[in-house]
Each structure stands twice: as C-alpha cells, then as structure tokens.
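In what follows, a single structure is set out as structure tokens and then discussed.
Letters A, B, C and D mark the chains as written, and numbering starts fresh at 1 in each.
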Amino acid sequence: MIDDEKFIRGNVPMTKQEIRILTLAKAQLRSDSVVVDVGAGTGSITIEAALLAPHGKIFAVERKAEAVELIKHNVEKFSVDNVEIICAQAPDGLKDLPALDAAIIGGSGGHLDEILDVLDGKLKVGGQVVINAITIQTTAAALDCLKTRGWSYDACTVQITRLERVGRYDLAKALNPVTIIAAEKN
Amino acid sequence: MIDDEKFIRGNVPMTKQEIRILTLAKAQLRSDSVVVDVGAGTGSITIEAALLAPHGKIFAVERKAEAVELIKHNVEKFSVDNVEIICAQAPDGLKDLPALDAAIIGGSGGHLDEILDVLDGKLKVGGQVVINAITIQTTAAALDCLKTRGWSYDACTVQITRLERVGRYDLAKALNPVTIIAAEKN
Amino acid sequence: MIDDEKFIRGNVPMTKQEIRILTLAKAQLRSDSVVVDVGAGTGSITIEAALLAPHGKIFAVERKAEAVELIKHNVEKFSVDNVEIICAQAPDGLKDLPALDAAIIGGSGGHLDEILDVLDGKLKVGGQVVINAITIQTTAAALDCLKTRGWSYDACTVQITRLERVGRYDLAKALNPVTIIAAEKN
Amino acid sequence: MIDDEKFIRGNVPMTKQEIRILTLAKAQLRSDSVVVDVGAGTGSITIEAALLAPHGKIFAVERKAEAVELIKHNVEKFSVDNVEIICAQAPDGLKDLPALDAAIIGGSGGHLDEILDVLDGKLKVGGQVVINAITIQTTAAALDCLKTRGWSYDACTVQITRLERVGRYDLAKALNPVTIIAAEKN
C-alpha cells in the first residue's frame, strides 16, 4: 500500500489509494499472477500490482507518450523488474500478450467492447476483469458489455471522503467517485 | 434558485446550490420571515433567503471584512432591499436582533454553544435553527449542544456529485459533503 | 416541506424528503405552475408540487392501480384540490395535457424517449423537465436523450446519509442515491 | 477476499467486504503479523486477517456471547488455526496480549481512550491502529484521542453503493458509510 504522493504524477490523473486497494483486491492477484493494466495512466496500479505479484508479470498498456514516461519513471522509482510497458491504444497491443490471470481496465478510450473481445481470448478460465469507470457512459457500456457476454459481475461505486486535518478540525474533502466493476471470465 | 456562478465570490468558500436549497427548505422560510444568517460568507444563503422572504428581513452576520464586501456586492447585484449586514464575530452582533423565525449557521468560529444561547432568547417558539457543518468537530459539537438543550433535531450528510459534461461523456465530480442539522426551538 | 412519515406509503417506493426538495427546486415551480408528475408512485412529489402551486394544476400519471390508490389517499389526507390523477402508462395519458410549465419524471417504464417526445410538444418555452434516476441505465438513457435533442441540462447524484439518534450516538444511515437531471426546453 | 454471504452472520452487524479490504490494507498486515481485533463482531475481519497472516496470530476480543459463538463458527468454517477468541469487554482482555503489529478496532463500547492506552503499551514501534467508526461521536472521539497522543493518522469516510442487477437494470443501493482512521504508533 503506497501513499498517493509517493508516485511521480505530472499532469496525468491518478487512481487514488483506496481505489487502487479495492481494484487490486477485486482482481484477486497472487504472487505469480500475469496481469494487464489497460489505460495505465501514471502506472500507480501497475506498480502496486507488480509488488503484489513479484513472481508474475504486469503489462502496462498506455497510448499517451507523456503517461508512458511517467510509468517508466515510477517503475524505476519503485525498482520493480516485472513490468513491461506497451505504448499503444488498446485493443492494439493486447493481441501478443500471453495468457492472463487478470485484466484491469482504467481507461478504454471508448473501445471497451473490442478490448473485452481480445481479453476474452487471453484470460484464463476464472480470470478476473476489473473495470474502473468515472463516467456514466463508461459504466453503462461496461455493464452492457458484460451482460451481453453473460459474464457474472459485481459492481459498486466508491466515494471516498478524506478527512483533512486543519488545526484542531478535520475537514471533509471528497474525492471523485469511481465505479469498480469486477467480472469473472466464464 | 440561483446558479452558483451568478454570485460574486472572490476567494471566500461558498455554499453550493443544492446545499443552499436544502438548508433554506429546512429553515422553513415564509414570505415574511425574520432570519439571521450567522457566518454569512459570500452571502449566497442570505440572498436566497432575502428572495424567499421579500416581506421579511435577513440579518447577515460575518466577521471577515473581505466577506462583508462580497455580501454588499451580492446584495447590490441581486437588488434585495431586506438585508442588513452586521460585521461582527457571533455571538457578538446577535444581542440586538429582533425576534427571529429562523437562524442559519454556516460558520460559528468555534462559538456554537454561546451562539445557541443567544439565539435561544431570540427565536420564536417553533423557530428553526439550521446548522451547516463541514468538519467532524463542528458536527459533533452541534449534535452535543442540541442534545444538551433537549431540542429535537434531524440531521443528514449531503454528498452531491455533479455530472460534468465533457464531450459525449458525463464525468462524476464530487463536491465536499456538508452535514445539515435542523432543530426546532422548544 | 413534509416529513416522509406523513405520507401514506403502502409498499410503493417513495422519493425521500431531501430528493423531493431538490427535485421541486430544480423544477422551478411558481404558484400558478401547471405540472405533470410522470410515474407519480405514492404521490409524494405530486402533493408537494400541489402545495407549492396552489393556483396551478398537477397531473399525476401512474400506471399501477395500487399506487393510484395511494395517490388518492394522499390527495385526501393533504386536502389538495389541484391534482388530477391519470391512470396510464406514459407516454399514454400525456397527449391530452394542456401546456406545461414543468414535467417531473420519477418513473418512465423504459419509455423515456417517447415520453420526452410528447413532453416536447407540451412544455412551454423555458419549461423545465426534471428526471429522477436510480439506475445506471436510466441515467445514461436520460443524458443521451437530452444530448440528442440538444437540450441543455445539469445533472447531479445526491447521496443523503441520515444521522439517526441512538442514545448518545448519531449513527450514519445511508439512503440510496438518486441522480437528478434537470433540463430546460429550448 | 471473501464474499459477504460466505460468513455466518446471525443478527450481528458485519463489516462489509469493501470496508474489510480497506481496513486490512491500512493495517499493513504481513504473513507473520500479530494482530488484535477489538469488537470483533461476527469475526469477518478476524478471519480475513487470519488468512492474510497465516504465520501470525489474531486475537479476537468480543464482549457479546452471541457474537463469540459466531466467531467460533466462522473460525471453523474457514479452517483457520491462528485465531484466539477472548470474551471480554475491552480494555479488559488486552492486558495479557503479546507485542502487536496491528490493532483493528471495530467496536470500543465507549472505552476508546482506555483501549488506546493499553494498546500503546502493546504495539511495536511503527505498529498500526485502524479504527472503524459508524457514528459521529466515535469518529470525533477517535480523532481527538489520536491528536492528544500526538499520533499521526489518516482518515477517510468510505461510502459504497452497490449496483444490484435487477433484470436489465443496475440499481444503486447504498451501504452505510464507515469512517476508517489509521494511525501509526510513534
């Protein structure tokens, strides 16, 4: 569990700690899991997954050059050697992956359906897909894609409000809610 | 119901529209209500109260000179003529008020207990006190003060998440939660 | 502002007080507004609208016989004489309505698009539509319908947590969130 | 990560899955951690901790006989052999514990200050205390106790809304919010 401020962030939005924890728990990683992180952003989820699966491998797929640089810097900062970065817009970049234990989708660029099609062929039976959505449209599309495929899922919206200490007071500061949708491949 | 961006705001924190609406509804204003707004800030609640009670009177109590200026500007902008601004740190400034139908407390500067003591002598029987709290300590103190006085209350925390349109998406953006505590004078 | 427990409810789900307040504020009712409440349920919104618009008229459209009976009982209990109940599945029942100042949609039975088509012909210019959604699919469909029509809207999800007094404690009890989407007819 | 419905629950309130995950992550358990779970309730946190620390030991302290029975049943169901149940009202029952890596406090029966006094003598330097609070008063008291002791903490309120599938819809159902306060012993 890494504090948010430990990551090198730049101007790229980052998944906050509590969301990372829940996302990774729902991805059910083991020490040897092979995982893809689609839309890896700053790489915060990639790094935590790499630490949870030291004998496994994490593929970080990210289309933006600026974000790819951040992932590289974070891989270096946290000294993880089981991360491979793929600079591509998914589903491009997914086709050559090995069999996967889990897929985490933090960004899909509007191609969720095609991404799930490719992942369907890569995930082991019982493998987990965990989608993080911050818009109504991505949430609705994800649920629709999963229903269509007949995959069972559980979904929840997580609203974290940090209590920030200001003198003798603790002030409620809301983080933006994230909907976490976890599905298991049939 | 006034949009947030219509108010002149400066750097003073402002109660957001949905919180204003609920606060004023719980204050049960009528067209001739006499109201005090303690810790009036930008005056956004004062202005809405003034419009809801055109035949009444709103006293805006605010200790900070910068905020008092904002209230003056907003009073002018919205052309309300039933507002009186009192530059003081409550409970100072409350003692000379007339009998009140409602008191709204957006800021108490840590003097909630003394403020409620003075308001107890000013509120008509059945008058409403509505407290907005953004810290754990103010919430706990308010509930404690009301229990001690034997005033019945209802309290809720309100978390508003705005859906902001970004192209074809609607992005969830959380506002900070506010606890609204409404009590009726015995 | 009526307390939830004042309404006759039966087994029909009821819009809670804070949601009623915000919904009606966003509908911008005046004392003479003509309003339709589509999917009126227990009639809690209908009754509050009828009290806010004593010189106007409220049409309550509801398809379920059990709910229609509840609305009748609540109309009687609150002695409002400006409500007309229409037992129909919208958009049926909307075609013969007069020109409307506001439409509130608490339930659409999956026919939101057709309902908005009919309301488009009934709403006065500047008239308000306020949709309450409790599912992802209704939220997404409503936003999509409004974007397609080019109507401007504001939308927010409202999460109310009641603080329930239990002895010397106040216990946080969450109500289910509701997304309120308010649009103005061009 | 165990599904909520897998636990034997009876009528005892249970910490929900997402809260368990975050609480245990913030407790920073390792495979050999020695942990106390104060106010263990159904034992859901105890069981998950026992699985996360197979080479460690979990002490479950609970005053209610009914809950102690549930913990025993859950220990048996999940076949964990590193749990010791102590039927006592904390701080009673804490004095004979060995040195601790972490303490999780789900219920304090109003004795939080005394409990922290005893834990202060038991926790290793760098040991974690994680408090789950569901009332305003417990939250305020916990923050106050930690400030007084000069322990640094981070605190957040977690609001989970489950999306429950109902036919083609996903309905938002809120769980009650829990405030998680994590502190590190100086």
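Basically, a residue touches a chain if its C-beta (ideal position, glycine included) is under 8 Å from a C-beta of that chain, and two chains touch if they have at least 3 such contacts.
Since this is a predicted model, take the numbers as computed values, not measurements.
Asks: Quick one: which chain's Cα centre is the longest way from chain D's?
Replies: Measuring from the centre of chain D, the most distant chain centre belongs to C.
Asks: Does the chain A and chain B pair touch with the same residues on each side or with different residues, judged by whether over half of the numbers are shared?
Replies: Same: most residue numbers at the chain A-chain B interface appear in both copies.
Asks: Counting in whole Å, what is the centre-to-centre distance of chain B and chain C, each centre being its mean C-alpha position?
Replies: Centre-to-centre distance between chain B and chain C: 27 Å.
Asks: Quick one: report the Å distance separating chain A from chain B, using the average Cα coordinate of each chain.
Replies: That pair's centroid distance is 41 Å.
Asks: Hey, how far is the Cα centre of chain B from the one of chain D, in Å?
Replies: The mean C-alpha positions of chain B and chain D differ by 38 Å.
Asks: Two or more other chains in contact with one residue: find those residues in chain A.
Replies: Where chain A meets two or more other chains at a single residue, that happens at 136-137, 143, 157, 159, 161, 163, 168, 170, 172, 177.
Asks: So in the complex, which bits of chain A are touching chain D?
Replies: Result: residues 1, 18, 21-22, 25-26, 28, 143, 147, 154-163, 168, 170, 172, 179, 181 of chain A touch chain D.
Asks: For the complex, which residues does chain B have touching chain A?
Replies: Of all residues in chain B, those touching chain A are 134-138, 159, 161, 163, 166, 168-177.
Asks: In the complex formed with chain C, which residues of chain A make contact?
Replies: Result: residues 136-137, 139-140, 143, 157, 159, 177 of chain A touch chain C.
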